[in-house]
Amino acid sequence: MNEPIIRQHRQPNQIRPITITPNYLPHAEGSVLIECGNTRVICTASVEENVPGFLRGQGLGWVTAEYGMLPRSTGSRMRREAAAGKQSGRTQEIQRLIGRSLRAVVDRSKLGERQILIDCDVITADGGTRTASITGAFVALQLAINGLIKQGLIAENPITEQVAAVSVGVVNGVALLDLDYPEDSGCDSDVNVVMTASGKIVEVQGTAEGATFSIDELNTLLKLAEHGIKELLDHQQHALQSQAA
Amino acid sequence: MNEPIIRQHRQPNQIRPITITPNYLPHAEGSVLIECGNTRVICTASVEENVPGFLRGQGLGWVTAEYGMLPRSTGSRMRREAAAGKQSGRTQEIQRLIGRSLRAVVDRSKLGERQILIDCDVITADGGTRTASITGAFVALQLAINGLIKQGLIAENPITEQVAAVSVGVVNGVALLDLDYPEDSGCDSDVNVVMTASGKIVEVQGTAEGATFSIDELNTLLKLAEHGIKELLDHQQHALQSQAA
Amino acid sequence: MNEPIIRQHRQPNQIRPITITPNYLPHAEGSVLIECGNTRVICTASVEENVPGFLRGQGLGWVTAEYGMLPRSTGSRMRREAAAGKQSGRTQEIQRLIGRSLRAVVDRSKLGERQILIDCDVITADGGTRTASITGAFVALQLAINGLIKQGLIAENPITEQVAAVSVGVVNGVALLDLDYPEDSGCDSDVNVVMTASGKIVEVQGTAEGATFSIDELNTLLKLAEHGIKELLDHQQHALQSQAA
Amino acid sequence: MNEPIIRQHRQPNQIRPITITPNYLPHAEGSVLIECGNTRVICTASVEENVPGFLRGQGLGWVTAEYGMLPRSTGSRMRREAAAGKQSGRTQEIQRLIGRSLRAVVDRSKLGERQILIDCDVITADGGTRTASITGAFVALQLAINGLIKQGLIAENPITEQVAAVSVGVVNGVALLDLDYPEDSGCDSDVNVVMTASGKIVEVQGTAEGATFSIDELNTLLKLAEHGIKELLDHQQHALQSQAA
Amino acid sequence: MNEPIIRQHRQPNQIRPITITPNYLPHAEGSVLIECGNTRVICTASVEENVPGFLRGQGLGWVTAEYGMLPRSTGSRMRREAAAGKQSGRTQEIQRLIGRSLRAVVDRSKLGERQILIDCDVITADGGTRTASITGAFVALQLAINGLIKQGLIAENPITEQVAAVSVGVVNGVALLDLDYPEDSGCDSDVNVVMTASGKIVEVQGTAEGATFSIDELNTLLKLAEHGIKELLDHQQHALQSQAA
Amino acid sequence: MNEPIIRQHRQPNQIRPITITPNYLPHAEGSVLIECGNTRVICTASVEENVPGFLRGQGLGWVTAEYGMLPRSTGSRMRREAAAGKQSGRTQEIQRLIGRSLRAVVDRSKLGERQILIDCDVITADGGTRTASITGAFVALQLAINGLIKQGLIAENPITEQVAAVSVGVVNGVALLDLDYPEDSGCDSDVNVVMTASGKIVEVQGTAEGATFSIDELNTLLKLAEHGIKELLDHQQHALQSQAA
C-alpha cells in the first residue's frame, strides 16, 4: 500500500474488459457467467412458484438474492461460510444490495405470486464483485423472465428498464472508474453506483473510511459511474440479444 | 400507505427535536441517550486495552460498533436476536456503517493500541435509528476519549473532526429532512448521509426501491442533509460542553 | 472482596429507593421502567392473539418472558448475546423464573387463547436484576391486561393477586434485605424470594455456594424478604393507580 | 391429571428404592449408575489437569457439570439436543444447579489447579432426575478424588462433607417426599432441596406455578426433605465403602 | 502404536462375546442394550404416526436413525455435542449409515405412513460402535414392529430379512474379525460390512488411510465378515425369541 | 423412475467424456476444473504453513478437504448451506471421504509441518460429484506440491502414487460404469471406488438401499471400476504433463 497505485493499462475512465456468457449453467431458469477483468461471477435466477409468507395473497411477486465466494476466489483462502456456520456481515450487506437493486426495476404485480431467487457466486475476485453481481444478475433475471413469458406464465415483461452497477473511487487523488482489487484497497474513497438505463440512481453507496469527499467530488464520481454503466448496459443488451433469436 | 403522507408539524427542511443526555449510564467510559423525536437510542463507548488480532503490533487503535433494538422498541414486537441465535442482515449492515463512520474521524495512530467498542441500543424506534446512533455515538466516543486524555493514557485528541448523520428522502414528491417512521415507510427514495463538520461526506447510502432518482435530485437531498447535519453538530457541541467544565 | 462489606447508607432491613415509571415505552401494550437503587430495567408486556402450539384449542392463555442486558449495563462490557449467537445459561434461568412467577398469579382460563410476552431489558445493573424484573414485569402485565379489559377483549381480570420479588442474603454474618452488587458478590448465601400479596411463596431460590445455611437461617431471611416485598407491592399499587384515573 | 393422584406403594415420607452402582463405566475417573425408582442416571467425573481461563494462576480448582437425557428416556421421544443444535433452558438450569451443589462441598484450594467435569446422563426418567444427578454425582466426584489422592496428586481430601438432593412437594394437599413423574406433574408445589450431611442447605428451589405455599408449608417440606436426604447420604456411604477396601 | 498388536484372547476369526438385552428401556416401543465385548450401546425404536414432508401422501413409511456417545464413553472425555451446538461429521456419517442399513430390509409400503426413529447411544466405546448399533437397532426395530402388528396397526411384517454388521480389518498383516479399539487404531485397513441373513451386502465401507488393499484382500475380509455376521444373526434371533412367548 | 433406464450413448463399461483444466483459478497454489460429462467441479489446493493443533510438533503434514455445491448446480435449487447455517450430513460425509482418499497417497512426513486444504465446489451436478472431486483434487494437490518443490520448501515428492475415483452400479440388472444422475437415481446398488495407480483400493463404499448385492456382484463392479479408474489416471497424467514443461 506504500507505493502509489498508478493505473497502467487502462484510462481512468475506462472499465475493464467485460464478457457475459448467457445460459452458463444447464439447470437454472436464467444464468450467466460475468467476467469483469479478473473478477468472475456465476449469476443464476431460479423461479419458485410461491412467495414468502409476508406477501401471500397480494398478487405480488418477489425477487431476492444470495451471494457467496468460493473459498479460493481470493489471494489467501477465505473460510467457507457453510463451515463457519454463518454468513458474514459483508455477505449479508451485499446480498441485500443485489436484491434491492433488482426489485427496483421489477413491476412485482406483473410477476404474479412467484419468487425469483438470484444466486451470485464469485469464482475469482479482483475487486467489484458486488457490482459485477448486479450487472450479471440482471441478465440472468431477464433470461428467467423470458422463459416465463415463453411458457405463457406471465403476460407482460415485468422489467421496467435495465439496471447495472459499477464502482468508482479516488485513488491518489485521481478519480477512477471500475476499481480492481489493488485500486480498491489503496483507495481514498469508494462509491458503488447502481443505475438504470434512463440514468436514474437505484443505489449509491459511498464510503470514505480513508478520506472523506465533498459533494462536488461525489458528483465527479457519479458522472464517471454513469459513463461506465452505459457501457455495461450495452454488454447486457448484446448478451440478451444473442439468446433472443 | 394509501393516504398521501403530508408532514404536518415540521417544515420539510426541519429536523425533529433533539435531546442528547451525556453520561447516561454509570459504568461506560462514554455514554449518551439521544432522542430524535420519538426515536431514542442509548449509545455507549467502552475502552478495551487491546486490539483485534489483525492489528496487533502496529501501534494503531480500533473503533467498532454493535447495534441492537429492544424487542418492543417497535410497533409490533420484534423477535429478540439473542433468542433467534443470530443478528439479522439489517443489524449487521447498520453496525458496520456506524463503525466505518466513526473510524473516518479518528486518527488511529493517536489512539494507541486500544479499542473503543460502541454499542447503540434502540429503546424506541420511530425512523432514523441508524443516523441517530451515529450522531449519539460520536458524543459517547468523544466522552470516552476525554477520559483517556484526562488519565494521561493518550496525549493528543485522536478525533479529527465531528461527525453526524441524518436521513433525507422524497415523500410524495417532496424532499424531506429527517424522516420519521411513517415518512420512511411511505418514501419514494431514502438517503442516509454521514457528514463531518467541514461538510465532507463520510458515507452516503441512497436506496430507491420505490422510485429511482436522478443525480440532480440526489444533490437536492444532499443539500438538505448538510443543513440538518449542521444543527446536529451544534447539539453534539452543547452536550460535550455541558460536561467539560 | 477482602474488605468486609458493611452496609452504610441503609438499614439491613431496608430496601433501596424504588421508582416505577408506568407506560415508559410508547408502543408496548404495557411497559414500565423500574429503578431499584442503581439497577434499572425496562419491562414490557406484548399481547399476541395466539398461543404456543402445545396449548392450542384448550381455551387457555400463556405468559412467558425474555430477559437481556445491555452490553454496558455492567462495570466491564459483557458480550452481546445476539452477537455470541446464544443466550447464556444464566439468561435462560432468569427468564424461565420470570415467566413462572407471573403465570403463578394468572388465571389462564380468563386470559383466553392469547399470549402475553414479557421482555425485561436491564439498562444498568447493580444487583437484583432478576427480582427487579419480576416486580416491574408484574406492573407491565397488569397494564397490558387493563388494556384488554378496556377493549372488551377479556371480561374479567385474570390476575389473582399481586406478585413481587426481592433478594436476601447473609453478608459477613448479617442478614441483609435487597442486596446490591457489591453485597451480592461478597455474599455468604443468597436467596431470591418471589411472593404474593397474601404472603404466599411463588418461588424461593436459595444458593449457598459460599456458605451453607440452616433451616433457621433460611426462615430469618424469608421474614426479611416478606417485609421488603410488602413495600414493593405498595410501589406497584401506586404506579398502577397513577394510570387508573 | 383429572384423577386425584394418591401414592399407593409408598408412605408419603418414604423415598423410592435406591441403588448406586459405583465404577459403572470403565473409562471415567469416577462413575456411578444411580437408580431412584424408575429414574436411572449415569454420573461420571472426569479429571482434567487445567482450569478455565478465569481461574488460571490462582491455585484453585474447579468443578462443573453437564446434563443430558437420552431421547427415549421419556414417555414420548424428546428431540436430541445435539441435533437441535442447542441445549434447552431446562438443561442449562439443571447443569448449573449440579455444578453449584458440588462446588459448595469442595475446598477448591485443596483440589489444586485442576478441573473435575461431571456428566449426568439420564437413561430413563421418572421424575427427580436433577436430584438423582446430584446425589449420584457426589459419589462419582468422591471416587475421582480418591483416585487423585491414591496417585499422590492431591494431599488432602478437598471434600468438606457429603451432599445429596431430593424433591418434596404438595400433591392434592398432602406433603410427599421424592416425587415420581406422575406426582410431579400433578403437583401443587415442588421444592428441590440440596443438603449436606450436617443438615445445612446448599440450594433450595421451590416453585409454585400451580399453587403457592406459605412459609409454614415450606418448613414442613424442608423437614421432609431433611429426612429423605439422611437416607440418601447412607446410600452414598455404602456405595463408597464398597469400593474402599 | 509402536508395539505390534497381537490379539491374545480371541482367534482372528472370532467375534467378541455378545449380549443383547431386549426391552432395556421402559418407554420405547422397541429397545435393546447390546454389548459386544466392552462396547455397550442402547438402541431404541420410537414409532411416530407421521412421515417427513417429502413422503407425505405416498403410503410409504420411513426409518431413520440418530447416534450419540456419552461424553465419558471413551478413554478421554469427548466434548458433548449438545454443548458444542452441532453433531460432528463422524456422527452424521454413522447415523446415515444406520438409517440406510435398516431401510434396506424394510418394505416401506407395508409399514404405512408412519416413521420409526432409531436412537443409538453409546454408553462405553471399545471399537465397533457403528456396527454394534446396526446389529442392536435391528432388534429394537423388530420389537417395535411386533408391537404395531400386535396392536393391529400393520397387517404384515414389513421386515424382509434380518440385517447385522461387523468390522473386519488387517492388523500387522493378519485379517481380523470384529476389531476392538486398540486393533482398530493400529489397523492397516478397516472394512465395515452390513449384511443380510441371505448373505447379501447392504453396505460395505472400506477405508485404507494407513495401507491400501487389493481386491483379493477385500474378498478375504468379506468372507471373514460373512462368518461373523452369521453369529450375530443368531444372537438377534435368540433375543427376539426370548420376547416372543 | 418407472421407465427402465437404458444407457444409450455409452457402453456399460465406458466412462463419460473427461476434461481436466489445470490452473483454472489464478490465486490457488493448485487448481483444476474437472468435467465428467455434465458434472463440473472446481478443485483447489491451498497451502498453509501450519497444521491443526493435534499434529503440532510431530513433523507431519496434513491434507483435508471441504466440499460444496452451488445452489443452482442441481435441477431444482438447493438451499445454500451458508444460509442454512450448517453443512448437511451428506456434505460432511463427502468431504471426509475426499480427505481420507488423498491422505492415503501422501507421505505426511515428507510434506513437513504444513497443511494442504482441498476445496471441491460443484458448479453443475449430473451424478458422480464426489468421485469427480477426488479425481480432480488429486491433480490440484499435485500441482500445489509441485509448487512447493519448485520453491525448495519440500525436498521430495510426498505423493506415493496417483489416486482416482469412479462410481459403479447395477441399473436394471446391468452393471454400469460411471453413473450419471438419472442412472444413479434409478440404481439398484451404487458403489464408489477410490483406487490407486497400482490397483489398490483406498476406499470402497457400497450402498444397496434399493437392492442388496452378493459378494460376486461386488467383484464384478470392482473390476468395472478398476477399468474406469485406469482411464481417469491417464487423464490426470495428461493434465499434469501439460503443466510440467
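Letters A, B, C, D, E and F mark the chains as written, and numbering starts fresh at 1 in each.
We adopt the following convention: contacts are C-beta pairs under 8 Å (C-beta built on N, C-alpha and C of every residue); 3 or more make two chains touch, one makes a residue touch a chain.
Just so it is clear, the structure is predicted and the values come from calculations on it, not from any experiment.
The set of chains touching chain A and also touching chain F is empty. Common neighbours of chain A and chain D under the contact rule above are absent.
In terms of residue-numbered contacts, A-F and D-E present the same interface, as over half of their contact pairs agree; the other options in C-D, E-F or D-E do not. Seen as a C-alpha superposition, chain B sits on chain E after a turn of 180°, to the nearest 5. For the pair chain C and chain D, the fraction of shared interface numbers is greater than half, so the two copies use mostly the same residues to meet. Centres computed as Cα averages put chain A at a distance of 51 Å from chain E. The distance from the centre of chain B to the centre of chain C, each centre being the mean of the chain's C-alpha atoms, comes to 33 Å.
If you average the CA atoms of chain A and of chain B, the two centres end up 28 Å from each other.
Among all residues of chain B, those that touch two or more other chains are 85-86. In the cyclic arrangement of chains, the order starting from chain E and heading towards chain F is E, F, A, B, C, D.
Chain C contributes residues 86, 89-90, 92-93, 95-96, 100, 103-104, 191, 196, 198-209, 212-215, 218-219, 222-223, 226 to its touches with chain D in the complex.
Chain D makes touch with chain E in their complex at residues 25-28, 31, 38, 42, 44, 46, 48, 66, 68, 70-77, 80-87, 91, 117, 119, 121, 123-124.
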